[in-house]
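Just below sit the structures, each encoded as structure tokens.
After this come two complexes, each holding chain A, first together with chain B and then together with chain C.
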Partner chain A sequence: MPKCKINGKEVDVPQGTTIIEAFKASGQEIAHYCWHPGLSVAGVCRLCMVQIEGQPKLQIACNTEVKEGMVINNNSETVKDTVRWGLDFHLINHPLDCPICDQAGECGLQEQYMQFGKYDPEMAEHKVKKCKVVDLGPTVVLDSERCILCSRCVRFTDEVSKTHELGIFERGDRSEIGTFDGKPLNNKYSLNTVDICPVGALTSKDFRFRQRVWYLKEHNTICTGCSTGCNVKVYYNEEGCWRVKPRYNPDINGYWMCDEGRDIYKFINKKNRLQEITMTEKGVSKVFQAEELLPQLGLELKNAVQKNPESVALILTGQYSCEEYQSLLNLMVKSWGLKNVFHWVNHPESMEQFDGLLLRGDKNPNTKGLLNELDLLSLTQTWKDLEEKLHRNLIKHLIVAGPENLATFSDVKEKLKLFSSANKLIWLSAGIFEGVSSVCSQVVQIPTKTFFEKEGSYINHKGMKQRVTPGVEIVKSALSLCEFVEGLHHDNKGAHFQDMDSALVDTKLKEPLKENFFTATRGSL
Partner chain B sequence: MAEANIQNKNNLFQLSPEGKEFVQGELSRYENKYSAIIPCLYRCQKENQGWVSPACIRYLSQIMEIPEAHIWEVAKFYTMFNKEPVGRLHIQVCCNISCALNGGRELADHLCQTYSLNAGEVSSDGMLTISRVECLGSCGTAPMMQINESYHENLNPEKAEQIINELRAKYGS
Partner chain C sequence: MEVKLLTEHYHRPEYRKLSGYKLYGGYQVLAKALQMEPKTIIEEVKASGLRGRGGAGFPTGMKWGFLPSNHEPRYLLCNADEGEPGTFKDRLMMEKAPHQLIEGMIISAYAIGSQKSYIYVRGEYFDSIRILREALAEAYKAGLLGKKILGSNFSHDMDVYSGAGAYICGEETGMISSLEGLKGQPKLKPPFPALQGYLKKPTIVNNVETLAAVVPIVRDGAKVYRQNGTEKSPGTKLFSVSGNVVRPGNYEVPLGLPLKELIFGICGGLKPGRKLKAVIPGGSSAPVLTAEEALRAHLDYESLAQMGTMLGSGAVIVIDDSHCMVDLLGVIAHFYHHESCGQCTPCREGTGWIDKILHSILSGQGRLQDIHLLERVSEHMMGKTICALSDAAAMPVLSFVNKFREEFEFYVREGRSKVRGVSHAQM
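The block that comes next holds the complex of A and B.
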């Protein structure tokens, strides 16, 4: 364990640690563009210069190992001046079009400039003009002029996605990022290049020009797109959610996430959501308040189960939290005596698939959690059993905790057809699916909260339990399954069960945004 | 000829059996197979009428097991690889310092005028391409030009024309 001194502070690091890693470990700032902890070292931006006592020249921190007794600093005038010039060279051909740049507010160049800008640049040459809109592929757009050629994106496609689409072509100040012979940048992880691009050269087609980042807030949560459970941040404002980015978790997703997972903000947004509790009978729909409908529904279901347990069935998808399964099963199985509980698997054929990096065929965040709960209560009926019971018209009441992320359920239509032999369908879902209201002669639709609006835990494919907390309220009348259960077995009408976890709801949005929210939290570029 | 070359843009490319053997040899020669990219690109250029087409890159990528983008990076970096078709006689006139001082730039202009070509263009009969290039390492005999693989030194406009005309007559038949 070599010991070194960084800006006067004693630091102890494992053998083989580079100086830049030691800076990070000791919580000290160091300018850098090309180094990224998830990629190999390129040493091309020359911004991470440090002075090492006893060495005549400055060294780059990203490619120099810490040796016993090294005395290192990056706060001497020599270092600062070098970084200042390094930055000025990066800016020779940079267009400085921050006002129209999507990266403004979270840009490495802007951040370093605040500290190391020459403010009075001495470059008199004309800037080299390059293409500002290069359509790299289905997800990413390149502005060649803004690129500082750090090569992070190239290393990402070489080392992480291993798809090798990107390269640096031509040389000198004509160098440009590009692909060979117009081949698109098209892989399941392509948007990570946008995250790691330290400037506004790579932007996401989905997000560009839609919001200014300093008006967005971020909420830490997990991706519910598949059973991997990548750690993510969802960016939102008063109008809804706008983008999803990965959050570092060495045990789950490292620094990355897949492109598919970035779409999960879409189904959370209001326009894609079921808005009201409704009951539809003979083609007429009526809107209800939860406290009007649920106690009565609870009574009806309870009586039905107790009269004939075979006549009621509960169908669960792997989309909900452990706590929600528990409370639903506690009420219906443990206290009412329900026997018919079934697991709706949306992609039975690909459940076990894995692409070798992150993406899994099980498109549910909590299949494992659900199976655990079913196991604990020895609920072992299969889908085949359900089909048979439905065909024999045994089931009158069907409660379905359905899809939250409808995009991952390609079989809803087919399943609804199967459900149509019941008399009454109680359909819980966050999204809107055409035709649900006419499946059975009586259909109750209850909007559910998404992972972004509730508290709960999810167990990923390898058994890691992760907790999510509520971001903001998006659909006012949506219920979590816990709240639904609370409503069902509440005898007193008008109880405020809907506020059950509202104490946890983040209301900070109403407060003014603090200083420069993004630059303050963007330690790792 | 030029047309054949342009068509070649979309065509499949394959090295001759000796060419393939050459590539295998280069691959085993270096510690890092990326080092073999330059000689292999040269070989393709030679077997592909003087230029490296996208088809060449795709072909090399397959046999060398190196991503296309990285072979293309090398081809794009070096100007001695022609990324567009060239005539059968590729005339590269040096316009760098020593040659420039001795009339290299004027020579290039003169030749372009004489043969009614813009620099880099292929003549309609597919015979000629004139390019202005940087130092070819023959500064002591400036001005000079390279035609295909041979150097022609201590030039003046008349001498250069004469050489080109002779070669054209030879290659044209």
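The block that comes next holds the complex of A and C.
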């Protein structure tokens, strides 16, 4: 454990730590662009210069290991002057088109200039002209003039996605990021390049020109797109959600997330959501308030179960939180005595797939949590049993805790056809699916809250339990399953937000590492 | 006075061929070396005080000593990517005496225990490449390369690799990247090539002249080699003299020779009526010397360093009073702007900035503060990057502006050259 002194402060670091890591560990600020903790060291921006006592030249902190007894500073006039000039070199050919740049407000150049720069520009000559709109692929657009050639994106495609689409072409100040002929930037992780781009050179086609980032608030949560459970932030304002970016969690997703997961903000937004509790009978729909419909519905279901347990079935998808499953099962199985509980697997064929990085074939956030609950209650009926019971017209009442994210359910239509033999369908879902209302003679549709609006925990493929907290209300009348259960039966206290008693690994949502001003304000460094 | 230690037989056309080379003692040193312990050869080279002839002047024996003492495969690379403007000595050596280089390389490879070496030749040197390839074929045929060289237990393979025209590939790690098939860009150090070079294996990179000089060192011993040159810069060196002298060309002289003697004695001085104005002693990146400084300069590493410049690759560029220093700096700055690899920001942006400022001045658009700005930009480019190209671009600017400030100020004030009377745009 070498000890060193950074700007007068004693710091103890593990063997092999670089100076820049020691700066971060000791909470001190250091300018940098090309260094990224999730990528190899490039050492090209030359901003993380430090003075080491006994060495005549300034050294870059990112490629210098801390040695016992080193005395390091980056607050001497020499270093400050070097960093100021380093920034100036970055800016002389930068177009300074912040007013039309999507990165404005979270731009490394803006922020480091305010922190370390503050000089008057001296270049009187014309700037280098480069292409401002380069279509790199289906997700990302490049503005070559804004690019500071830090090579983070190139290293990302080389080292993380291992797809090698990007390269730096030409040399000197004519250098430009680009793709090879006929091989666009098209991989499942391409948008990470936008996150790690410290400037406005790489922008997401999905997000560019849509919002000013300083009007957005962020909410820390997890991605429910698959069973990996990447830690993410959702950016939102009063109009809705706009983008998703990864948060650092070394145990789950590191610094990255997949492009698919970035789309999860879309189904949260109001226009894609079921808005009201409705009951449809003979083609006529009526809107209800929860208080008026649910107690009556609860009574009806309870009576039906107690009269004939075989006539009621509950279908669960892996889309809900552990607490919701508990609450629902407590009421229906434990207190009413329901036997028919089935697990709707949205894509059984690819359930076990894994791409080696983050993406999993199980497109549900909480399959593990659901299976766990079903196990505890020894509910072992299979989908085949359900099909058989439906074909034999045994089931009259069908309660379906359906998809939250409809995009991951390709089989809804076919499943609804199967459900049509029941008399009454109680369809709980966040999204709108055409034709649900006419499946059975009586259909109750109840809008559910998404992961963004409720509190609860999810167990990912590894068995790690992660808790999410509510962001903002998006659909006023939406209910979580817990609230649905409370509505059905007032006495039932459910397992509302109580921790499950299980031996599973419990990891709290990790706060992002305390990074310096620049990395902390960036989406994901 | 010239001392032809390496270039003794360069005037003989047959010296290019193996048969001719052998007539004058060729490959006898190799036979001798193969009888020696590799360690002894390294010691001998260390004792000779031979310093890298490519530009940096790093002691060769010490460089070899950095190799790890394990049995990992290791590479010897010959840096023949002669790109420093003003330098043309390696080309002469490769074209006139390819076997001298090959012999020096085999001996060096034997000393450091390398099984494989490459000669990385500047891509524009078509003749050198062809001649070297022919020579290699001859050497293989004669059993001087390949398995069990001259009946010894030492096997070695050698190849010629053609560069593709980038100055930066003369930088040793840039060359390694290029040889690996990557974009020719210098690598971050540490790790240094001696530990992790070509294909991440221990690698030694030496200049053509350095490797050729190993032959006389092993032949005569360090003591004899040290009879030439100075205490700290022993031996002879080839100087490529260009510019305004009567007899430009390559000359092999002992290190420490007064620059005055090289210009006015060996090269026949300047044209009648012309006055010496400045000398760049070590290639375009070396800080320029004024006439007064040049007349008291000696051609060795230390004394030139003392004068704030460097011996570099030994490219002496002589400038007489018919030339405008602003013009010349414009040419140099354009070169470095064109050749910067673009990895490190200070160099990528700085070389372009300097080029543009000089362009403005040369077209009569300069501002007086530009002269000071040139200096400040250059100062902040020095010592801040992965390789020395940034320094190489900055040093001439600083020295030109410092020593010939009056010419720059005149150009800015009057919008025309003090020497030529017109601006670049008016030409």
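FYI, the second predicted complex is superposed on the first by the 488 of 525 C-alpha atoms of A that agree within 3 Å, B and C clash if a C-alpha of one lies under 4 Å from a C-alpha of the other, contacts with A are read in each partner's own complex, and residues count from 1 in each chain.
What we mean here is this: a residue touches a chain if its C-beta (ideal position, glycine included) is under 8 Å from a C-beta of that chain, and two chains touch if they have at least 3 such contacts.
The structure displayed is predicted, hence computed values, not measured ones.
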item: Contacts of A:G43 with chain B and chain C, given as first, second, both or neither; value: second
item: First, second, both or neither for A:R171, with chain B first and chain C second; value: both
item: Chain B versus chain C as contact partner of A:K183, first or second or both or neither; value: first
item: First (chain B), second (chain C), both or neither touched by A:N366; value: neither
item: Which of chain B and chain C A:G86 touches, first, second, both or neither; value: second
item: Touched chain A residues, chain B compared with chain C; value: C
item: Contacts on chain A seen with chain B and repeated with chain C across the two complexes; value: 167-168, 170-171
item: Of chain A, residues touching chain B in the complex; value: 158, 164-171, 179-181, 183
item: In the complex, chain B residues that touch chain A; value: 54, 57-58, 67-73, 76-77
item: Residues on chain C engaged by chain A in the complex (per definition of touch); value: 166, 168, 183, 188, 190, 337-346, 348-353, 356-357, 359-360, 367, 370, 373, 380, 383-386
item: Complex contacts: residues of chain A adjacent to chain C; value: 41-47, 49, 57-58, 63, 81-82, 85-86, 89-90, 92-93, 122-126, 128, 148-149, 167-168, 170-175
